[in-house]
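First up is the structure itself, then whatever we jot down about it.
Chain IDs A, B, C, D and E follow the sequence of writing; residue 1 opens each chain.
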Amino acid sequence: MRRIGVFICHCGSNIAATVDCAKVAEAARGFPGVVYSADYKYMCSEPGQEFIKAAIAQEDLNAIVVASCTPRMHELTFRKTLANGGLNPYLFEMANLREQCSWVHTDKEKATVKAIDLVKMAAAKANKNEELTSSTMPVHKKALVIGAGIAGMQAALDIADAGHQVVLVEREPTIGGKMPMLDKTFPTMDCSACISTPKMVEVAQHPNIELLAYAEVTEVKGFIGSFTVQIRQKAKYVDHDKCTGCGLCETKCPSKVPNEYDLGLGQRACIYKPFAQAVPNKPVIDPLHCRKLVDNKCGLCAKVCPTGAVNYQDAERLFTDTFGAIVMATGYDLYPWEEIYGEYGYGRFPDVITGLQFERMVNASGPTGGKLKRPSDGQEPKSVVFIKCVGSREPAKAKGYCSRACCMYTAKHAHQVLDKIPDAAVYVFYMDVRAAGKAYDEFYEATLKDGAVYLRGRVSKIYQEGSKLIVKGEDSLLGRPVQVTADLVVLATAMIPSQGSRELAQTVGFLPDLDGWYQEAHPKLRPVETPTAGVFLAGACQGPKDIPDTVAQAGAAAAKVCGLLSKSQLETNPMTARSNPAICSGCGLCVAVCPYKAIQLISLADRDRYGKRINRTVADVNHGLCQGCGACTVTCRSGAIDLQGFKNNQILEEVDALWR
Amino acid sequence: MALMTEANWEPKVLAFCCNWCSYSGADLVGLNRMKYPENVRIVRVPCSARVNPQFIIRAFQRGADGVLVAGCHPGDCHYSTGNYYTRRRFLVMKRLLEFIGIESQRFQARWISGAEAVKFRDTVTKLCEDIKALGPQRKLRDQK
Amino acid sequence: MNAIQIKMREVAGQLLSLGEVDRVIGWEKGRFAHQSPPAFITDETKVERLIWDEYCLTGTAKYLLDDPYRAGKTGLFARGCDARAINRLIQDGQVKRENIVIIGICCTGMSDSVSRQMAAKCCDCTHPTPVVYDLMIGEPVKPVAKPERFKAVAELEQKAAQEKSEYWTRQFAKCIRCYACRNICPACNCRECFADQYRVGWLGKQHHTAENQVFGLTRAYHIADRCIECGECARVCPVGIPLMELNRKLIKDIQQLFGDYHAGVDSETAPPLGRYSLDDMEEFM
Amino acid sequence: MKYAYYPGCSLDATGIEYDIANKLVARTLGIELVEIPDWNCCGATSAHTTNHLLALALPARNLAIAEAHGFEQVAVPCAACFARCKKTAAAVQASPDLQVQISEVIGMTYAAKSEILSYLDVIGKKTGLDHIKKHVVQPLTGLKIAAYYGCLLVRPVDITQSDDPENPMVMDRLLQVIGAEPIAWDYKTECCGASQVVPVPQLGKKLIHDILKNAASYGADAIATACPLCMLNLDMRQKQINAMFGTQFHIPVFHFTELMALSFGYSAQDFGLAKHFESAESLLERMIGGKGA
Amino acid sequence: MHILAKANLIEAIERLVKEFKVLVPMQYDGVSRFSVWGSHGMQAFNASNTLLPPKDSLFPRTETLYAYQVANQEITGVTVRDQAEHQIIFGIRPCDMQSIHCLDDVFLTKGYADSYYHSKREKLLTVCIGCTKSEPTCFCESMGINPAGHSGADIQMNDLGSGYRVVAQSQSGQEIVEKWKDLLSQGQEEVVAASCTLKVDMNGVPEMLATLFEHSLWQEVSRKCIGCGTCTYLCPTCHCFDMDIQNQGNQGTRFRCWDSCMFSDYSRMAGGHDPRPSKSERLRNRFLHKLQFFSERYGKSLCVGCGRCLIKCPVHVDITLLIDQVRKEAAHV
C-alpha cells in the first residue's frame, strides 16, 4: 500500500465555484492508502509546487494525486515537481476536476460527489503505480539520405552544414535527379542547371557528405537512433579514383544506345556520363549493351584510357553502416500515359511527347542543343499544342489527384515556344489554371500576353494526317468543338511515385498511401515525419510538389534530423508495453497488431516443469519503437504483455474504486 | 454513500476516453462551459485500443449502470491503426452483452474527435437519459 | 465401424515399429460400453487397445500441449474436429507441424454417452473430414454448411433483455468452476489463464454466480474468433451449461460482420479480431 | 454453339443483306441461330429520348422471352439494339426493385441472367479464328479494308464490355483471317452521325465526310462495318458527300459478314450485294476474278 | 417397526420446516442437488443419488470467515461471521452419510476442530434413506458401506414401496419420530437391500499403494486426465480449500472457497517451484490421498464408492479400474 498525498486545487474559483474542495480533501483522507490530503488555491503555481515538495518530505509520501485541471495541461508540470521533490515522476495521478467536473456541472452538491469519486479513482490507481524510468537509446550521429535529387541534396547539405555526417545514396550514375534535366525554372525563368549543378558540386565536395552514386539501399534493420542499413553499389567497371573524367573513352565507344537521361530523344555511348555536368563527373559502363561485357568483343575504351581506369572485372560493392535517422527523398516519375491514353494514340505518334522530353529538347545541353524539333522529321514546329491534366484529376482511369506543378511548367513551356519560335502558334488545352505560388499568377498572365491561346476543354482525339497532327477537342467556354492542326503536342503528364518506391518503403519499414506516395505522420502537424520514428520525408516522394516546396520541405526534414542527432541519447517513453516471459506462451497474436512493429518473437532459454533446459518462444518489446498505445495488451488473452502506466490491475482498480 | 440507496438512485456511467481525441473532446466541452449530467466518470486511456472488453464486464459486475467507450474517428488514430481494432472488438462485444441480457442502450461505443465537443456532450447526455429510463443495472452484480 | 479400427491398429503398429513416432494417441474402451476415453500407446504390441466406435468423443489434439518440449514425434488420430484443433494449435504457435504424424479419420459422427443418440456437437459438425492429415482412413466428404446450427442462438437473440438475463444467470448459477471447459478447449492454450492470476484481479476465487458469469463471458470472448466449434466444452460441462450457444453467437456475428471465416480450417488465415479492414461495418459514427 | 438471335427492325428491312450474310456465315461455321419468337422493336434512340422505363422494358421483353426459352446467350447484330439490350441488363442487375417493376410492365419475369453479345463478338470472340480460317476458300488477298466499328459497339465501356474503346481490333483480326488486309486508320470509332444526319445534315454529313476522307487517305479499297445504320450512312450518302464537298469518294462499304461470306465461297447473289449503293461489283471483279459477278 | 406412508411424506417434512432448514434432493435444469425444501425444481427422492454432493451444507463452496475495517493504515474492526442454522439433510444416501463421517475426521479430530465446520455440524441432523436400486457406477459395498443404511444417521428410513420404514438411531432422531407419531403406522415388511453391480477388492490396497509410489502406472493412468476439477468438486469427501480477501477499499472480507488438487496452480509455490509439476503427480496424489494416506491417518478409506467421478469425468478416469491395476502391479513388485 502506498503513502499517498492528495492535493485538491481551487484553480482560483474555476473549481471552487462548483466543487467544495475542502469537503473533497476531507473525504480523500478516508481513501485506502491516503495518508495526507490538503486543498490549495493554485496547485500549479510556484508556491503550490513548493507545498507539494514540502508535504513529500514531512509526510514521507511515496505517491501523489493532484486534483486540478486536465492532465493534458499540467501533467508534465507536476511530474517535474515530483522529480524535484525526490519522487519518481510516475508515482503520480491526476483527477480532472475542472474541464470534466466543475466547468460542466452546476449543482454544487452533485459536482462535489462526482469530484470525490474522481479523486477516489485517481488514488486507487496511484496505489498501484510503479516507479518507471525511461531508458535511453544511443543515437548514431549519422544520417542517411536516400535519393539525391534537389530534395535529397538540400536535406544532405543542411544536415552536413549542422556538423553531422551524412551518407547520400543515389540510384542513378549521377546525382541531381530531375532538376538538371530541365531548361528553365518558373516563375523566375532562371536556368535550372545554373542553380542545381552548383548544389551538386557542393554536395560532392562537402566534407561531411559521403556520396554513394549508382547505389541502392537493400536492407534496413533496427530503429530510431540505430538503423543498420546495407547499401549495394552497382559495378561501375571504371575505377573513379584513377579516372580523370577526360571523356576520351566516351568519344571512342562504337556502340550507341538511346540515352535514358534524354528520354529516348538522344543517344549515348556504352561508357557514358548521363549528361555533361554529371556528378560524379566520371563515366560508368552499361553492362547490358557494352559489347565487351556482353560478348567479349571491342574493349576500345580500355585501350584509349590514359589512366587505365577501365576494369571489366569490376563487381558490385556492399556497404553496411549505422544511422540515427533516415530521410526519404526518392522523388517522382511521370505516369506511363502510353498505356492508358488511346485518344492520344497510345504513343504511336512520335510528335506527341511529354513535358520532360520537351525540357530535354529546349535544354542547351540536351540532345537537340536547345532547338525545338519535331522528333518525326526534325523540323521546327510552327504550331504547338499543350494538353494539361494527362493522368491527373482522372480518377476513372488514372490518378485522382492534381500534380500541382504542371500548370506552371506548361505556362513556362508555352512562354519558351513563343520566345524561341517568334511566329509559332501555341495552344493550351486546360481544365483549370492553378498558379497559387508567389509570382505564379503573374507569370501565367505574362504567358497569356505573349499570345498563348488557352482553350478550356479536354482533347477528345489526336490523329495523324499526313505529317500533321489533328487535335480534336472542345472549347467549353464557347460551347463549340475545336480542331487544331499541330506540328507538336506536349502532354503535361501526372506525377507518380518513383519506380520501386513502394518496395523501398517496405524495406525501410513504413507504409505508402493508397496512391503509393509516402504517408506523412500527420498531414498538417507532422508533414515531414513518418509514423515510423526516425524516418523523415523530403520532396515529391511525399506527394507531387514543385521545386520551391521541395526545398522548403527538405530544409524542414533536415531540421528534424538535426534535432534528433543533436542528442547523443534518446530518452524513450517509459510508458511502453512490457512482456512477462513467465506468462507469455509465444502465440504471436500481439506481433500482428502492433502499428510500430515494436514486438518480435525471440527464443528464451528456460527450464520446463522438470527443470530440463529448453528454448521457448516469447514476445519481446522494443522500447524505442513502442509508442504505448496498448493495442497488444487486449489481444494478449493471458495479459502477459501489459502497458506500464496503464497496467491491467491499475485500470481495474480505477474501475473498482467507483463502487466501493 | 448517498447514491447507493435505491430510493434516490442516481445512475453511475463509466466512460473510457482515448487521450488524443475523445478525452480532449471532453476537455473542450469544459472549455466551452457546456453542461452535461453529473453521472459520468471518465477513465483516461492512451488509445481506445487499450480498452479491454473485460474492463466492460468488470464495470457491469461492480455495478455500472452504463459504459461508454470513445475513440478517434477511424483514420485519425494517433497510433494509426488502433481504432480499427477497437471497432472490430466492440462490434462483437456489444452484441455479446446484448445476448446475455444487458440492454443495448447500456453499452455504447462512439468516435468522438478532439474538436467534437457538442457530439461528446450530446452522446453523454442521451446515454444518461436512456440509463435513467432503464433503471439500475442488476445483471452481473456481485452478491453483496 | 471396425474396418476403420483394423486400419487404425495397422497404421499405429507400423508407425511405432518403424520408429516414425514414439507414441500414438487414439481411443480405447473404458469400463462401460458407452466409454471410449483417449488412449496413449507407446509400443506396437499394445496397438490392440486402439478401438474405433461411436463413443470416441474426446478430442486428441490438446494432449500435444501436456509436454510441448518432448523430443519424439506423436502419431495422432484426428477426426474432423481434431484436425481443426491441430491447425488451431499450430496457428497459436504451441505446436510444430513437423512433430506430428496426423492420421486423419473421416468421421461419421459420435453418440452421446447418456442419450445414445448422435451427439449434439456431431449433429452440428461442418467439417467431418480432416482438413490436414499425413494419411487418411475412410471416405473423404466435402464440408457441409449447416446454417441451422445457429437456430438456438437466433431464437435466444429475439427474447427480451430481462428473459435473456435470467436465462444466463440461471445457467451460470449452476457452474461449479471446475474449469473442464477451459482445460478441454484447444483454443484455450495460455500458459497461465487469466482466471488463475489472482494478483492482477481479473476474477475473484469465490464460487458465486457473478464470478462464474465473468469467467464464462471472458472465456467466450477470448476464443470468439478462434473457436473451432468442436463442441467439447458443452459436452464435458458436468452441470450442462449450453456453452456452445455463447460461442455460436460470437461465431455467427463475426461471420456476418467480417466475412466467412472458419477457425482452424487452415493454419494461414489469421483470426478476424487480430486483423482489420478499412471498410468494416461502421456502427459507432 | 446455340444463340438466341435478335435481328431487330433494320435487319428486317433496310439492312436485310446484313441479316442474310449473318445467316450464311452462321451456317458455314455451324453456329445455330434461333430467332427470338414474337420479338419486338428495341426502341433504339426514339424510346430512350422519350421515356426511360419504356426504353428499358422494350429490350427487356425480348430478353425475357429468350430466357424463358432457356437461352443463356443472345446474339444482337445491330449495334444500336446491342447497346439498348446491354443497358437494360445492367440497369436490372443493378437494382432489384427495377427488375420487379419491369417484370410487371412486360408481364413476364426478366432475370437479366443471359449474356448479351454483339454478332461481331459472337464471330470474332466466341468462335475461334482458326475454326473460321478452315472455311475460307476464297481469301480476299490484296483487299485493303478499313474496319469501322462506330461508337455503340465499344462505348460506354463499362456497359458494352467488349473491346478497347480507342483502338478495337476484333474486326481487324477477322478481316486478316479471311485474307484481307486491315489498315491502321484513325477513324475506327468516330461517330457516323447516326440519325442526326437527317435533322442536322451539315453536321452529320461532315462526320461522314471525315470518315471517308481518313479511310481514303490510308488507301482503303473498302470499309467494313458491323452496324446497319453506319452502313446506311457511309454507303448511301457518298454521292451527297461528293456533291457537298466536291470530293470523289467511291469506297464500297460492306457488312463484315458479307466479306466473310464471300471468303467462304458464296456469290454476291447469295446475299444482297446488289442492294449496295456504292457498287462493289467492279472491286470484286478485280479482286476475285469475277466469280461473284 | 414404524412405517411412514409415502402419502404422509410431504406432511412429515412440513413439520420439520418450522425448526429446521430442510434440504431435500431436488432436480432442475439437468442438475440434481440438495436444495432447501420448497425452492425451484422437482423433488428427486426416487433418483439413486444427487449429482452434487450434500457436503456444501457443512463445507460451503464459498464461506465468509470474517469482515474487517481499515482506518488510516490500521485494521480497526474484525467481526467473525460464523452463524450456523439448524439444518436437516433429508434423504441422504448411505455413501454420502459415510462421507460426512470422513469430513468429521478431517475437520473435528486430531487436535484441531474447525469452528466454522463444527458449529454447522452440531446443528445438523441427517435422515438417511437406504438405496433400493444401485447405479452401474455405484461400488459403496466394496468400500464397506451397506447400501441399505448407515448407523451414523439420526434417522434411518428404507423405501418399502408404499411407505418408508423409520428407525430412530439417535436421541434427536427419536425427537423427530415423536413429532411424526400420528403419521406413523406399524408393520413388519422386510427391507429390500440393493446391491452394487460394480465390485472392487479393496483389502490390502493401502499397503500395496505404499509400494507403488515410483511406479510408471501413474503416468499411464494420468495421460488422458485434463486436469479439471470435476472429480474433486463432485466428490462428497474432497475437502481442500483456499483462502483469499475480497477487498472493498476501507473494508473487506476474508473468505475460504473450494480448491482442487488437480489444478495446475494448486501446489505452485512462490518463485514458481511446484512439487507436483505435472498431472501424473497430481493424479497420483489424489488417488493416494483417497485410498492410502487417509486410511493410514484415520483408518478408513476416503472414497465412499458413490461413483460420481466415474459418471462425470470427461475422459473416464476410473478409480475402480485403478484399484484393479494396483492389485495387478503390486502382485509382482
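To be clear about the criterion, a residue touches a chain if its C-beta (ideal position, glycine included) is under 8 Å from a C-beta of that chain, and two chains touch if they have at least 3 such contacts.
Predicted, not measured: the structure shown is a model, and the values here were computed from it.
The minimum number of touch steps linking subunit C to subunit D comes to 2. The chains touching subunit D as well as subunit E are A. Chain centres computed from CA atoms place D at the largest separation from subunit E. When each chain is reduced to the average of its Cα atoms, D sits farthest from subunit C. If you average the CA atoms of subunit A and of subunit E, the two centres end up 71 Å from each other. Our note on geometry: subunit A versus subunit D, Cα centroid distance of 54 Å, whole angstroms. Mean C-alpha position of subunit B lies 66 Å from that of subunit D.
If you average the Cα atoms of subunit A and of subunit C, the two centres end up 48 Å apart.
Annotation for subunit A: residues touching 2 or more other chains are 582, 593, 635, 648, 652. Contact with two or more other chains is made by residues 53, 58, 81, 85, 89 of subunit B.
Within subunit C, residues 67, 192, 194, 202, 208, 273 each touch two or more of the remaining chains. Inter-chain contacts occur between A-B, A-C, A-D, A-E, B-C, C-E.
The touching residues of subunit E, counted against subunit A in their complex, run 70-73, 248-250, 272, 274, 277-278.
Interface residues of subunit A, counted against subunit C in their complex, comprise 582-589, 592-593, 601, 608, 612, 614, 616-617, 635, 637-640, 648-649, 652-653. Listed in rising order, the residues of subunit A touching subunit E in the complex are 1, 29-32, 35, 124, 582, 609-610, 657, 660. Across the interface of their complex, subunit A is touched by residues 67-69, 92-94, 189-194, 197, 199-202, 222, 270-271, 273-275 of subunit C. Those residues of subunit B that touch subunit A in the shared complex are 2-3, 10, 12, 14, 19, 23-24, 26-31, 33-36, 38, 41-47, 49-53, 55, 58-59, 62-64, 78-82, 85, 89, 121.
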